[in-house]
Amino acid sequence: MSYKESTTPPEGYDVGRENMLDFKIDKQFEMLEQSDSKNFILTTVDEVFNWAKLSSIWPVTFGLACCAIEMIAAGATRYDIDRFGAGAFRPTPRQADLMIVSGTVTGKMARRLKLIYDQMPEPKWVMAMGSCAIGGGPYFKYGYHVVKGVDFIVPVDVYVPGCPPRPEVLLEGLMRLQDKIRGRKGKLITPKWVLDYAQKIPYRK
Amino acid sequence: MEARAIYELLAEKIGDGALGFTEGTGDPVADVAPASIVDACTFLRDDERCDFDMMMCLSGIDWDGYDENGKGKSVSILGYTDLGEPETTERASDGDFGVAYDLYSHRLKHKFTLRVRVTREVASVPTVSGVWETANWHEREAWDLLGIRFAGHPDLRRMLLDESWVGHPLRKDYQMPSEWDAVRLSGRDYAKNPFPPIAPPETPTPPAGDKPAEG
Amino acid sequence: MATEDVKATGWADQDHVPEIKSELLELNMGPQHPATHGVLRLLLETDGEIVYKVTPVMGYLHRCAEKIAEGVNYKQWVVYTDRFDYLAPMCCNHAYVTALEKLMGQEVPERGEHLRVVAAELSRIASHLVSLATFGLDMGAFTPLLYMFREREEILNLLERIAGGRMLYNYMVPGGVRYDVPDDKWIKDVLSFVDMMETKKVPEYNTLLSYNKIFIERTANVCVISPEDAFTFGCTGPVLRGSGVSFDCRRDDPYGAYPKFDFEIPVGQGQMGAVGDCWDRYFVRMLEIEQSCRLIRQALETLPDGPYQAIELKKPVKAPMGAVYSRTESAKGELGHYLIGDGGQTAFRNKVRSPSFCNLQVVTKVGVGQMVSDLVALVGSLDIVLGEIDR
């Protein structure tokens, strides 16, 4: 039985999520167009600001390793990250909102990465792209120069798994980031299968 | 030209510096004394019959644990444990260092391999960066990763790692660092806590009254 | 009074030169810079726009691959070769398994060799497309990138169908390749792609970028590398061929199935300026795309039947004692492996001679005396990949 056919949502699924994907401001716009007065809408300042922020997330041009090529591919034809308002890759961090850590972070690079993060103006977000940026990836065992996870250095908002992740996965990560900016309510859920799987790895015992 | 014929030319030129010629599994190798490596390389580059105008590769080797007559090595290198901590050992290291030079001639289209061997205490070989420019960076890399000094090198700095790095990683007894320059290099112990809370790093505090908007 | 004032400032009197303290400006290019193709850092000493000294600083992507080679076994390390030159991973796989088979004395079935050639040449085309696109990007032409990534996606689709991965494949194993051709339609698709590439796309790129007047102005007669410099700095690949030297490992030191096929080696002719300038290095890559198409067509049309693996996939691989240096022609140049076996399942030492590492060193000589903007053209035309330099 597939997920769509089942009557109860799977464990850990946020039921209210569908309702939160759209803004109240979008509905206000619709009502405005349908109404005769066409005068004003009512909303909160936060919501307008968040709406503006998520519609134009400008990433900084910061390619580190293999994943950078997939980041470029996501920005080029066929995938076209510009559809989500995140296509304006900025050469300088001072104009950017999002840092996509695309690749392996080494000990020598860690300080520079932190510097670039500090140069970005608030509000700013970080996406860890690929297994190396998430946790060292294939360089865990003998990687004397590899930082085992970029979250030792900067706080990470979205983790995009893969080695390297396909551009579709990067776009999915971008949409999850937009959800986050929207102020989607809900708690961080650790799926049960992840905990079970972590227990089953033999060498952990 | 065959490798053996080149070796005979070379032995004629440098005399006692030529230590032997071995053919077996893999490429034929000419062993040369470290003191005469620059003479040998200059001769091989300038002589009409050899004309090696390009050095393809220079490789530093740590022979620690390599048994010339045995069946495989006894040394296994150190890494990080599954819990992300550096492994340690009590073993004392021994064995020589070696450097292999692979040469090629574009005109005559033949290859040749030279090899020198120095003891672990000396660990110094004369530089050939005056013969081929490309040796400059290869030697810097060998110094960086293996700790073989190249006497007379114009600019012997570390190549890939930082100047403040401790140790030479490609040595067989190298112990992995847990931290360098306040950057943590050991892994996270996922078994204890799969999803630890992430502490935000120190960022410069904005002036009072100018709080950044919530992300 | 007025004349005295003028004299004091030194304008009226030509012999009087005021002492102005001047020094060279140290300028950092990178490691986060849009024109350095990754995390390369160039330390420049400039006088205005003129560069007096270039010092490349690398290691920002040092991923310890040679140490890992001593820890994991031969087959596991194929995964790491993918990540050297992540633009042409098949070529890196090919280089490593060639070195390992040379040490083991392992024969490869004909079908396996042909499939390796097809995969490596497709990968080479993809790498050259990225190289040309980013070179155009450095020179201020953004549009060709969109066109060239369109064809690159086609290649990635084709390779995904045969190898399973989109970008990094782990396709070649000692003794053959991992998977056979999925179906006959794949062969037809590759052949039609190659035809389309030769007849339509390469002329399109030439119209878009190669013969563009602004592009020629920026690249012709800029940063000329002489053949002597190329030899002594160990340059290989399109950099050496751009200087007018006809050298290619596929022909001069043949390996695999390459001796069976008929192909030419394009060299720089100096069409737009001096031989060995940036435009020549660029155009050699464009011509190599056509030659790769020829190779793919020949390899697929004469694809023999039979097995494609000599060793079972799950069987561990052992190599005897001994040392070999084996080299192949990667997309960037001569990719060599100095491999020492000790009789076990793990390499004792595996030094990788990467083409980008040697090609980049020429910057320290040729970059001197150039403008900063021309240095961008030089680094772009060398087509370096930092994963391969730092390893």
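Order of writing sets the labels: A, B and C. Residues in every chain begin at 1.
Basically, a contact is a pair of C-beta atoms (placed from the backbone, for glycine too) under 8 Å apart; a residue touches a chain by one contact, two chains touch by 3 or more.
These numbers come from a predicted model, not from an experiment.
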Chain whose Cα mean lies nearest the overall Cα mean: C
Chain at maximum distance from chain B, centres defined as averaged CA atoms: A
Inter-chain centre distance, chain B versus chain C - centres from mean C-alpha coordinates, in Å: 23
Centroid spacing, where centroids are CA-atom means, of chain A and chain C in whole angstrom: 32
Centroid distance [mean C-alpha coordinates] between chain B and chain A, Å: 40
Where chain A touches two or more other chains at once, by residue number: 108, 141-146
Residues of chain B whose C-beta touches two or more other chains: 77, 79, 161-162, 169, 174
Two or more partner chains touched - positions in chain C: 59, 62, 64, 67, 71
Complex contact set, residues of chain B against chain A: 77, 79-80, 82, 84, 161-162, 169, 174, 176-177, 180-181, 183-188, 190-191, 194-195, 198, 200-201, 203-204, 212-215
In the complex, chain B residues that touch chain C: 24-27, 29, 53-57, 59-62, 66-68, 70-73, 76-77, 79, 100, 102, 106, 109, 111, 113, 132-134, 136-137, 145, 158-162, 169-170, 172, 174
Of chain C, residues touching chain A in the complex: 31-34, 38-39, 59-64, 67-68, 71-72, 79-80, 83, 86-87, 130, 145-147, 149-150, 152-153, 166-168, 386-387
Chain B-touching residues of chain A, taken from the complex the two chains share: 49, 107-108, 110-111, 114, 118, 122-125, 135-136, 140-149, 151-157, 180-181, 190, 194-195, 198, 203-204
Residues of chain C defined as touching chain B within the complex: 58-59, 62, 64, 66-67, 70-71, 102-103, 105, 231-234, 245, 247, 252-253, 320-325, 327, 334, 336, 338, 340-344, 348-349, 351, 353, 357-358, 361, 365, 390-391
